[in-house]
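Next come two complexes built around chain A: one with chain B, the other with chain C.
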Partner chain A sequence: MNQVRKLACVVVLVVCAMSAAANWLAPAGYAKQFREAPDAPPSRQHLLGTDEVGRDRFARVLYGTRISLLLAPAAALVSTALAALVGGLAGYLGGFWLRLARGFTDLFLSLPWLFLLITVRALLPLNVSPLTSVLITFLILGLLGWAASARVLSTSADALRNSDFILQARASGLHGPRLFLIHVLPNLKPVLYAQFWISIPVFILSEANLGILGLGVAEPLPSWGSLLRELEGLISFREEPWRLVPLLLLIVVMTSFQLLLSNEEVTA
Partner chain B sequence: MPQQTMLPSKLQLWKIAKRVAQKLAAIAALVLLGGLLSATLVRMAPGFDADERQLDPGLNEESQRALRQSRAGEHNILSFYASYLRGAVHGDLGTSHALGQPVQSLLRERWPVTLRVAGIGLLLAWILASMLAITACLWRLPAFEIFGTTISGAFLCIPAAVLALLSVVLNAPGYLAIALIVFPKVYRYSRNLFAKAYAMPHITAARARGLSETRILARHVLPVAGPQMIALAGITVSIALGAAIPVEALCGLPGIGQLTWQAALSRDLPLLVNLTVMVTLVTLLANSGADVMVYMLARGES
Partner chain C sequence: MKINRTGHPAFSRLLFCVALLSLGAAAFAQSGGELRFCLRSEPKTFDPLLVDDDSSLSIRYLTGGVLVRLNRHTQELEPELAESWKVSRDGKQITFKLRSGVAFSDGSPFSSEDVAFTMKRLMEPALHSSTGDAFRSGSGAVTAKIVAPDQIAITFPAPIAGLDRLFDQVAIMSAHSAKKEGAVLGPFMVAEYKAGSTLLLRRNPNYWKRDSQGRRLPYLDSIRLDIQSNRDVEMLRFKRGELDLINVIDSDYFDRLASSSPGLAHDAGASLDSDFMWFNQVASAPIPEYKRAWFRSRNFRRAISEAINRDDLSRVVFNGHAQPAAGPVSPANKFWFNSNLKAQPYRPDAALELLRADGFHLQNGALFDKAGNAVEFSIVTNAGGKPRERMAVMVQEDLSKLGINVNVVTLDFPSLIERISQKFNYEAAMLGFRNVDLDPNGQMNIWLSSAENHAWNPQQKSPDTAWEAEIDRLMRAQASAADPKKRKESFDRVQEIVAEQAPFIYLVNQNALSAVSSAVQGADPGILSPQTFWNADRITLNPTTRASR
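This part shows the complex of A and B:
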């Protein structure tokens, strides 16, 4: 691991640790309103000031980071599992199934990602509890984000299908799910890992986009999307630079993921 | 002799026509399937049957019945889709429930805005990314490399909606936000392509023989990187269309992106199905057009 990747790893770990310790670092919580101090500038009591309804911005950033960093990998896990199932199986079975899976992934990939997300999210109820909105948002990301990974996995599994060791395993009498689970799937691990890591930053950005457009996590629960939505009321950067902190944190975390990713992609 | 020279070109033309026909058939199938999928999803969505106007106490029983009847045809998804396709063949794309206007006129009003914003954005992104990528490969200065990678990396890390918001705060035009969303993807890919092309042995030989950099670029690098750049151009159309949604919604630009946003929020079935079909059609046409161009280039070379 080179120095830059080590640094990126440390940054992600520090951010994760801080968000995990949100209860101790910001005991006031993300929803408590300090009604005597709405839109307050940074102070000793409120490190990043308060939002327009008087909630501590530092607390909201910590809790929002926790939600985004916890659920984006969960969504990535769902999408990678779906991709392994659809792409891996289609590649392993080949022929008609491979063509069918590729046609289906083509259909998914022919629509712009954000267009697909917004359309499907809007079809589901919008007036739901904050916790349900979190689950809906990240479940949609997981359930819709499998197509690109499935395409990569189907190609890898297709290549494996005709490899010598699979042919030998077949000749030895190993068939069906057992052959897939014992020999094909373990050999797809590097691709699966890479697709999992690639999906995390994509889902973090997607949640942020949905949140800004009002289709993400519902208030009062914070997420990077809802925190960035505050930029809508920003008049100038010079007057209230502290409002850019969630954006800067997102850029730092995303950059760290990118630096961590490069090696995973190469390995795949 | 003349017959012998004519024969391959006719054969080539036939092969290209066959490929175009295959692509068009695939596009038609995917578009129809996309529309059906979209219509099915909307039909299955919770609260599909609810219409705000049914809560209006000012409407009498007859009006309520008329309202229910107007949406009755949408209950069976297959019959809805079949009647939609019949209408589409005759140029009738239905009426938007939320906006109360014919979908056809809405699309006619909105497409030029999106085409202009996304088109200028794409053009800017491609000019900026190609210039940066070529300069980085030509000069091979570490500082320039770091600059390009940092700038593109930073824009890759910013959500499209944030760039749209920042363009509102900074009073920048919407197409600039689209350009900045597309730019990093084009830069990173084209930078790698050019770097690979410049590293080829015949480029080193051309340099050793004293060929000018412009000539090397035009005659030896672009033909190698060109096909993949064309394929990338097809993909960036889809990226720009996706970026148009937050940019138009947040910058108040009355284009297809904003219309999609409004249709999604109001669960406007006819509009959503039409938009899905249109967007699928445009992205597939762009990708297939790029594919056919790459195929033609490859045939021309062989």
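This part shows the complex of A and C:
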């Protein structure tokens, strides 16, 4: 394990441990409003200051990290699994199935998502708890975010189908699901990993944007997406640099995951 | 004899004088410079009679000539194109004596014919003018009788309360000019328009008004209006000196500007705008019956109102640039505000008593009704409106102290409007009311129980409650009375009933916040729209800025 990978591993472990221990580390609940100190700068009482309504930003970052680190990868897992199923299988089968899958993914990608999401919001009840809202949000993201990845995977699987080692495996009598699971899917792993990790920050940012349609994480529950929305309208970072902490955390965690992944890929 | 190469000495002196005069004329023509600010959306129309959006409203204000003008500072009516006017005792007729020697920007003369033409066009049903709707008092035609070239009498089929004030919104159009709406009587005229980018207004050379020294107004040569919806960009450009005014800014920007450049940020005090919430009381709304019973209970609504800390809302959400609201009329509306009303103080204990009187009870920190249903409801508000989202979160926290579970739902504006005005599929809503009209007649479409905008229970065939029937009666009484005192008495009582019954729970009146560059001279930001440029014909720029543009 090289030094960079060790460092990335430590970062991920520290962030996960801190978010898991939010109940003990946070000076107050994520919803507690210190109304006498809204928009306060960092202090001994509030390590990262407070937000616009006086909620401790450090507490919200810890709880928000817990939610986003649990649910964004879960949504990415759902979307990558769907992509592997549709794109990987279509690429492996080739011919009619590949054309059908590509046509379907193209159609899916061309759908007007804004209107579709508005329709989804209209179908959902208004009175849902914040926790239910966060589950619904990431489930929607997972179920809708597979098409672009499926297109990439279908191309990779198509290339694998015509490769020499697959032909040799076929010539040795291996075919059907066994060939797919033993030879095709393991060789798609790097692409699957890449799609998985790319999806996580995309879903976190999408969750922030979904708030505009009333589909995001409901108040007062924090998430990285809702914390990033705080940066809207921030004219000068120099004035309040502590407000950048959620963004920096997102970058550091995603980079650490990428570093860990790249090493795993090499060993794979 | 030596011949002067430049000619005869007298001729030289003449040339010198002509040159001086030319310089003087040029200096006069460039006297005010170019004022620059932003419109936040594309103007929908340049037809002054069809205006119903903010950008078109600003253009109409700057280009349109009106018979009477509401002074945005004193809130009093002042003569403009009409030297004087008289409203008949029955409130059905208004007679104007017009100013003579006035011409449109294209040179065509102004007379009572133009007023008659404008009124006729304004009242055409096919035009669908929202300005004209304010004059529709009853069935029958509106007649404009030309008494003389400088006198006109306009008669309406039924009395109209506050009739003279309505003419502040009517920009007179030329009956004869081929330029149609291009011929204007206001201080500026549209010179250039690049859709989606810029609108250039130039000084109207025929504008009739002069200052106390007899100098022709406006001082400015032109106004450049950039179409810019992004408020961050607008503020950055203002700070860089590319813009001279920001008509309305929110409290976050205001404080940042006030800390970096204190002289440029202007807080004119409470505006006419109010933010409020209400509960859905529509009988056919798809909400559980027990919740409808809560929402229709006066005690429940009053309890919610008493449990909201308005002082905190003003201080935290608006950084102190808002006032706790007392009712439907802001204290900024000097004449119509009922000064007996005070903003509801924060009294959670009294709120709990009111709830107990209705059979609600606390159990393990949660509130339940007498049937054992946990008290939980959602508040919908528009997404993207940060102050309102913050207010909803604070209300959520305040009500949680009473054991009430509130879910805050932000929706895109079209979906929100569909829910609250068509499908009635919501429980509580939080929105704002942007009031541009001082007169309560402008609120008839809110207070009458049959009105579409009677938000908590619209379009009732007959009033559902006795207090709504009483509001209907009082609003009709004030609308048909000619005596301002009697009108005020009726509307004061309406405000009292609204405070007692709390169909709308008023939260805050936001302050009128604006930004004016130090380059601008003569601006006097106020609370009435247009806040910063209401006296645009008397605004000028300092010599340094003039020279640099």
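FYI, the second predicted complex is superposed on the first by the 160 of 268 C-alpha atoms of A that agree within 3 Å, B and C clash if a C-alpha of one lies under 4 Å from a C-alpha of the other, contacts with A are read in each partner's own complex, and residues count from 1 in each chain.
One rule holds for everything that comes next: contacts are C-beta pairs under 8 Å (C-beta built on N, C-alpha and C of every residue); 3 or more make two chains touch, one makes a residue touch a chain.
In this text, all values refer to a predicted model and were calculated from it rather than measured experimentally.
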First, second, both or neither for A:130, with chain B first and chain C second: second
Chain B versus chain C as contact partner of A:53, first or second or both or neither: second
Contacts of A:220 with chain B and chain C, given as first, second, both or neither: second
Partner chain(s) touched by A:96 [first = chain B, second = chain C, both, neither]: neither
First (chain B), second (chain C), both or neither touched by A:24: neither
Touched partner set for A:122, first chain B, second chain C, both or neither: both
Partner chain(s) touched by A:258 [first = chain B, second = chain C, both, neither]: first
Which partner reaches more residues of chain A (counting touched residues only), chain B or chain C: B
Interface residues of chain A shared between complexes with chain B and chain C: 118, 121-122, 126, 212-213, 232, 235
Contact set on chain A toward chain B in their complex: 103, 106-107, 110-115, 118-126, 201, 205, 208-209, 212-213, 215, 225, 228, 231-232, 234-237, 247, 250-251, 254-255, 258
Residue ranges of chain B in contact with chain A within the complex: 30, 33-34, 37-38, 41-42, 44-47, 153-154, 156-162, 165-166, 168-169, 238-239, 241-243, 245-246, 249-250, 260-261, 264-265, 267, 272, 276, 279-280, 283-284, 287
List of chain C residues in touch with chain A within their complex: 231-232, 235-236, 252-253, 256, 312, 315-317, 376-378, 380, 383-384, 386, 389-390, 392-394, 396-397, 407-412, 415, 425-427
List of chain A residues in touch with chain C within their complex: 31, 33, 35, 38, 52-54, 118, 121-122, 126-130, 211-214, 216, 218-220, 232-233, 235, 239
